[in-house]
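The following block contains the structure, expressed as structure tokens.
Here the chain labels run A, B, C, D, E and F in written order, and each chain numbers its own residues starting at 1.
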Amino acid sequence: MPEIISTSTRRKVITLGEVMMRLSCPGQGRFTQADSFDVIYAGSEANIAAALAGWNIPAAHITAFPDHDLGTAATNYLRQFGVDTQYIRYQPGRLGIYFLESGASIRSPKIIYDRFNSCFANVNPTQFDWSEIFRDATWFHYSGITPAISQAAADVCLEAVKMARKKGVTVSGDINYRRNLWQYGKAVREIMPELIKHTDVIVAGITDFDNCLGIADETFESTCEKVVRQYKDIRKIFTSIRKTVSASHNMFGAMLWNGKKTIEAKTYDLIPIVDRVGTGDAFMAGYIFGAINQFDDQRALEFATAAGALKHTIEGDVTTCSVEEIVALMEGENVGKLLR
Amino acid sequence: MPEIISTSTRRKVITLGEVMMRLSCPGQGRFTQADSFDVIYAGSEANIAAALAGWNIPAAHITAFPDHDLGTAATNYLRQFGVDTQYIRYQPGRLGIYFLESGASIRSPKIIYDRFNSCFANVNPTQFDWSEIFRDATWFHYSGITPAISQAAADVCLEAVKMARKKGVTVSGDINYRRNLWQYGKAVREIMPELIKHTDVIVAGITDFDNCLGIADETFESTCEKVVRQYKDIRKIFTSIRKTVSASHNMFGAMLWNGKKTIEAKTYDLIPIVDRVGTGDAFMAGYIFGAINQFDDQRALEFATAAGALKHTIEGDVTTCSVEEIVALMEGENVGKLLR
Amino acid sequence: MPEIISTSTRRKVITLGEVMMRLSCPGQGRFTQADSFDVIYAGSEANIAAALAGWNIPAAHITAFPDHDLGTAATNYLRQFGVDTQYIRYQPGRLGIYFLESGASIRSPKIIYDRFNSCFANVNPTQFDWSEIFRDATWFHYSGITPAISQAAADVCLEAVKMARKKGVTVSGDINYRRNLWQYGKAVREIMPELIKHTDVIVAGITDFDNCLGIADETFESTCEKVVRQYKDIRKIFTSIRKTVSASHNMFGAMLWNGKKTIEAKTYDLIPIVDRVGTGDAFMAGYIFGAINQFDDQRALEFATAAGALKHTIEGDVTTCSVEEIVALMEGENVGKLLR
Amino acid sequence: MPEIISTSTRRKVITLGEVMMRLSCPGQGRFTQADSFDVIYAGSEANIAAALAGWNIPAAHITAFPDHDLGTAATNYLRQFGVDTQYIRYQPGRLGIYFLESGASIRSPKIIYDRFNSCFANVNPTQFDWSEIFRDATWFHYSGITPAISQAAADVCLEAVKMARKKGVTVSGDINYRRNLWQYGKAVREIMPELIKHTDVIVAGITDFDNCLGIADETFESTCEKVVRQYKDIRKIFTSIRKTVSASHNMFGAMLWNGKKTIEAKTYDLIPIVDRVGTGDAFMAGYIFGAINQFDDQRALEFATAAGALKHTIEGDVTTCSVEEIVALMEGENVGKLLR
Amino acid sequence: MPEIISTSTRRKVITLGEVMMRLSCPGQGRFTQADSFDVIYAGSEANIAAALAGWNIPAAHITAFPDHDLGTAATNYLRQFGVDTQYIRYQPGRLGIYFLESGASIRSPKIIYDRFNSCFANVNPTQFDWSEIFRDATWFHYSGITPAISQAAADVCLEAVKMARKKGVTVSGDINYRRNLWQYGKAVREIMPELIKHTDVIVAGITDFDNCLGIADETFESTCEKVVRQYKDIRKIFTSIRKTVSASHNMFGAMLWNGKKTIEAKTYDLIPIVDRVGTGDAFMAGYIFGAINQFDDQRALEFATAAGALKHTIEGDVTTCSVEEIVALMEGENVGKLLR
Amino acid sequence: MPEIISTSTRRKVITLGEVMMRLSCPGQGRFTQADSFDVIYAGSEANIAAALAGWNIPAAHITAFPDHDLGTAATNYLRQFGVDTQYIRYQPGRLGIYFLESGASIRSPKIIYDRFNSCFANVNPTQFDWSEIFRDATWFHYSGITPAISQAAADVCLEAVKMARKKGVTVSGDINYRRNLWQYGKAVREIMPELIKHTDVIVAGITDFDNCLGIADETFESTCEKVVRQYKDIRKIFTSIRKTVSASHNMFGAMLWNGKKTIEAKTYDLIPIVDRVGTGDAFMAGYIFGAINQFDDQRALEFATAAGALKHTIEGDVTTCSVEEIVALMEGENVGKLLR
């Protein structure tokens, strides 16, 4: 994707978004059975930064944390992956939380969100120096979750997107429309179109486009064509494709429209699933990795899909698979065999 | 099943039976490997009361516990589900125990019972005021385990059944014949026929009828017909149908004979199995729930089967699935999909 | 205390207050080290109801919970102790949370609250039928935490206190002034005096009276005398006395002013401390137990103090000690000896 | 003690007694809080065999286990310490159980026994070939628990004691009188005197002698003198001395009457206590170790006391301290210091 | 296999090889996620001794351990299974370690070895009295790992093999060629041929023979025939056959060449896999068990294959399945069904 | 300490030393009881870097790690505290390990080292660009462990010390003499004098000076005076003072000689001790923090001592206490009190 990454010498990726405390029931236990919760700190965009940092791509995450020990804990959590946390801001307030029950077999996984009124929702848009943040950056990533949280979050996101464009930084956005959010008074179609307008690389399916832009068509490809007629700066649109046999068994593939045609990646049969949360983020991170390394579309999508598929086998929101492991899977080497 | 539940205003269910301490090896460990056991308190009939209480059906369980801290622990365990424990009696003696190793793949699950000489086996039949217990009740449930434990237990069970009938309370019995019990000197056929005679709703398969009544025929339907010729008060007979592929993979369905014909429920493919103990109890509870809510036979059996199937995904003896979750499964909605 | 408990036949205690999810670091770990949190559900007043239910005093707790699985989990948690949960209301919203780090030796325990905007803060005052709730009650207990949370919570508390008085129910209040709360716009002295006016039994020290009523004097006794001059319905005032040697070592005693004089209880040397949260609640529950059982002041205070002291050895917010264990400690029997 | 150990070339110790499953609440949790129990297999006499085997004294334990997986688990547990399990017999029946709550500070430890009707209680006295068992033995140890369990157990014990004497094997007995046992119809004074008559080395305090023999006097020394006037074969009598400050803090010392005078060992201040169960067994094992190694009375008692004291710091019933560690403690070297 | 086992009265099996500490990530966690490791002590040959001891075949393992607490821990670990540890030698040095990440689904299991410079690698060949060790033995087993570790280990192995032959003890060798070992300066073909020359029963596949002897042919059978032309004492050659669908799903079968023809065993479908490490050792132990019990080739191979297959369901390196469980699987009885 | 820190604008601290995997027995368990080990990554100098990074002092640690997943795990572990890991080198080899048993009461803690032949011992002295590393540094810290490991490690250390001096970076050294190390052929007095010669700030007691320099005198002060007569660049010498009552109870104080006089810090009574490993490192880090912040000698020593004392209450090798917590302890505020 050489037309997107202008200079190979700038490799830093910037991500923006809320990081929550994730409290998950141990094993396959239920909320009503839990006498402990496993705790990590996670958010779609931060998960991507963590994956990239693990693959030796410098990555800084931008967010706001409470100015108490849980803010420190969340910072430390991100730092272990090598995420650059220097731009994180600390302020009074609470950390958003999500509770996770992982499900099993015919029983569905469940998430209960407790994220309203978090520090990040109350973020002060003036506290980030985007010009400084983007100094060495090559890529900026946001998701549709951020503008759905609060007006302040939406403002920060738009400001970041605009500055990124101004600085020649590639912008990717994972549309990720969630009806339950968007409770601060604005409708999704009042906010998202402006963000999408300044975005180079979009992750979305037909329904996402319909919800956010009111654009839909029969196929992914024809929808993409329609979208790009209005949003001319979009260069790539892609989406993962998931078939859910049960909570323990999914198929995972992907397709990408590159402005000319739609290409598809290999589909993976995933059984059992260890943790499916964050698989879309690993997929996105995989694509960014490929783009920065100037993989062609097919290879970038295959890498992204293998990264997303492998994430299903890993506990937590963040993939800890190495580039070598992902490539081996892509190439079908030693899948499942004992490596000594 | 309007002919069984006479008044919709009385909704209380009474269950009778031993509650044991269940000591299970963590994860897929073996008895000889365990350096800890997970502990819960469980018994077929109490599991049913707990499931019903969780579905907002008032349910009281009748049993006897030791008058020491383990009796308190067992009581507290039942109370968390909302089971009414006011009729439980406390007396010197021991709590029955069962040890569980869950198996995996081609390795079978194993149970070691250590239940002889328990408080419940030595229950004093005069200490329960059945007339008071059944005051607001609509349903009484027992299983064939109780009369197998001791003469005292058999006596209590028969007394309860008779009083239930006298009070117009529907009686269900899960025949559940187990050869290893029945060691107190009476044969099963000396005891069970009298109990079955006063039972409206029976859970049993061909083998159960053969063992307990000496009645069997080629098919479930023809066996039921034969049984009812002698036991004229029986209105419904049903049974779950399990196919065991491995310890981790079962198929689970059910059929019901309603006096006229045999109907079948959907079969569920269960992989992996989290905990198969208590699945029959969830199935029975599901049926009682349906009956009390005047579901027709097919819907009651589907609800029961879905309740039993879902239980395979839940740790412990008691289902913690909500009515909404069971109905969603019955109706094939979002099976295995992440619910936010 | 026969003048307070009018009839020995009514024994039901009603408590009102927020119940939070408590997330505590395992062992002596720190917030920044935790990769899991132990979870229970707790609140000062509910802890008291749970202790009393464990001592066979019928006790119902009044609160509001979210209408999702965590509300069910919190309800189940209270039910295990035998707390009557029938009056709890369920509504959309979040469950308040508190995070606990237990400290050790010279390192202090720490609590981080995340309780704003909870269901209980947004409680609808009309949804509780206090007349019905107090039907069989002999005692009502509230704490100064409730009116500090929100106007709605303060309104519910005042309504309950007034109805309790009207119904002849003894009212106790644990003043428990916490500066960090009281953020909804009212000052403590705008709210607490009216509540205290209708309270029979007060738990407070000099500082509490100063903060809430602007009344203080040199000694506990002289302060009490001053308070009662204005708040004539108060019959008893008591307080625990804690000396903190370290996080692992406290001394715990108590004194009570009974309108005539101040009496003191035995002081306990507590080392090591297992969990000091909820010790004041066990102390309060102990006093209510004594009062309902018509213990004289000294015995009630000794029972309360022993109950509070023993709670330091018990994990969780709720004491699980039996009446027999508390009495044995009061009487100095077998302290610390192996009981077979 | 050269007069007791006749030949230094025979070093094998034989112990006889019930081994139970020990189910203990994790950490400082309570029975009513436990959702798991830690499991080990333990019994006073087997604990002694295990300690001795760990100190390179060949030791075989004689008992009966169920012929199912829990019997295997118990055998394996003993084998890890090097205990010779070849003489253990397997038969249908149950394994005795004891439940342990460890207490903390002012809260007492508690044991609930569930040991009636065990395999060992129903032991078949003819199944042990004592002549073969004692072939290479130098020492036989029993405790007063065994004859208290059942007539069969008492018979086995007496048979063993007699054969040991006949074979020139030193016999030690830990009187360990427990009122709660002795429920099979015989009184302690019908059984114990005959056993004591054939015993060389006795562990007992004044109360034990009073209960078992009806002999008591003002001091330990004068009681011992009285006892030996009747039981002339006794050569040594000793006892540990425990002062219980709290469940977490004990003082532990010992005294020994050697036929001529009473000697005392150093007293240890034990805080915190990790696990006090089995400390008497470590003490007894320490004495046997000293005797077999021909320590003089003072050194044997000091070794025994240090072994018993150190056991308070070790989880489980069995001491895992090495001879070197015990000697270092006796000699006051590096107590509590980090050893690299 | 009556021609191999000369006398049915000698049943002791001797195994020789390194025992390492195995440190495995809990559950399906990764090295980079682990904040604890599960610890056991394991080695291919010791795993075989442990399996055989569990099946009541006397088995002694020969190895060297450090003379500190970890050597004791490793010894105790082996002793629990009944392995005779009397010939183990203790010396200064380190215990080899292997780290294990178990993988899941499409993610491969991984082992990191840290075994160089261990006690066993530095073993002193003169410290084992092989004549004494083989006194009551009927079988000796080694693997190709031992000669790959160091010259000293290779020397010990050859000495043992030669003495075994001299004493009429059957010798089996698991070729198990691993390229990563063999770093001490000798090539595999300088060492293995001499060992194979004195071996009766070989476990190897075509690649193993090619690597170690430079002999290969198109099929297993033709390769075996070629090998035996040069290594005339070999009587049986067999190998397991594994098909890896994923880390969680394998097929496991086996074939054996008995000098005349190749026979095959039943293939097992293993899903999910609990722990695949040590499955080859369980397979080998199964074969030795069959041989000692004079099973014919088919039955010995079926027993071995069932033992190996069942091991996939068991945590740790050692199978804990009983002979009865293995036979039941071989015969297809109750596979996966709940055994009460 | 303005004479040491030349410019307040350079605040970066560089530390050099081996980082090992620490495997510790859970709770108070023993090596022979452990079926899991807790795992962290630690080393004296890295612990100091981590403490400083947690107090917002930029700190980079220099070491070598294996080029496999455990090297990544160790890197991630350090990164969570904010340690700058960019200069760490990765190479084939093993990670050093230390095993820890924490002791309790009269039972001593124990460490077993398995650190020979690690990556760090085999470090390539040319792979660190010290000129680049010290670019923004103000302080360099090493310990006497590094030159004790291998000639290569000693060479790296000396090179670093010399370059630090050349660049005007303050050099501190913790002498920390350990007899068990120093096995590569050089004696401590062949190596340490040269390092000490270039060191500004020394942590050592009389014995350390005696061992390393052959200089000792009656008191700490007179020894320091003697040392400085020969080693004229030393500006400060300090040492912690520990009194060991038991493994669970220590007293911890300190003294410092500042070239003119000896000052002492407050002594802390520590009971119970959670983890005493790394307390000296927290003490050292505290001193460096004070020096960089230009605290006077007394305040720097008090801060260091409070930091070291508090570390006794924290699991792991690294202190996680904040500057605020340490200052509060120094000033005696709220010690052990619940902070809400």
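Following the convention adopted for this analysis, contacts are C-beta pairs under 8 Å (C-beta built on N, C-alpha and C of every residue); 3 or more make two chains touch, one makes a residue touch a chain.
Everything numeric in this text was worked out from a predicted model, so none of it was measured.
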item	value
Chains in simultaneous contact with subunit E and subunit F	A, D
Contact-richer chain pair [A-E vs D-E]	A-E
Chain whose average C-alpha position is farthest from subunit A's own	D
Same-interface partner of E-F, chosen from the options A-C, C-F or B-C, over half of the pairs matching	A-C
Whole-Å gap separating subunit B and subunit D, where each centre is the average of the chain's CA atoms	45
Chain centre separation in whole Å, for subunit F relative to subunit A (CA means)	40
Centroid spacing, where centroids are CA-atom means, of subunit A and subunit B in whole angstrom	46
Rounded Å distance, subunit C centre to subunit E centre (Cα mean)	63
Of all residues in subunit C, the ones touching two or more other chains	30, 32, 35, 76, 110, 272
Pairwise chain contacts under the document criterion	A-B, A-C, A-E, A-F, B-C, B-D, B-E, C-D, C-F, D-E, D-F, E-F
Complex contacts: residues of subunit E adjacent to subunit A	27-30, 32-33, 103-111, 113, 178, 180, 244-250, 272, 276-277
Touch list for subunit E against partner subunit F, complex	23, 26, 30-32, 34-40, 68-70, 72-73, 76, 94-95, 97, 99, 101, 110, 112, 114, 116-117
List of subunit C residues in touch with subunit B within their complex	76-77, 79-82
Subunit E to subunit B touching residues, read off their complex	268, 270-274, 309-310, 312-316, 320-321, 325, 329, 334-340
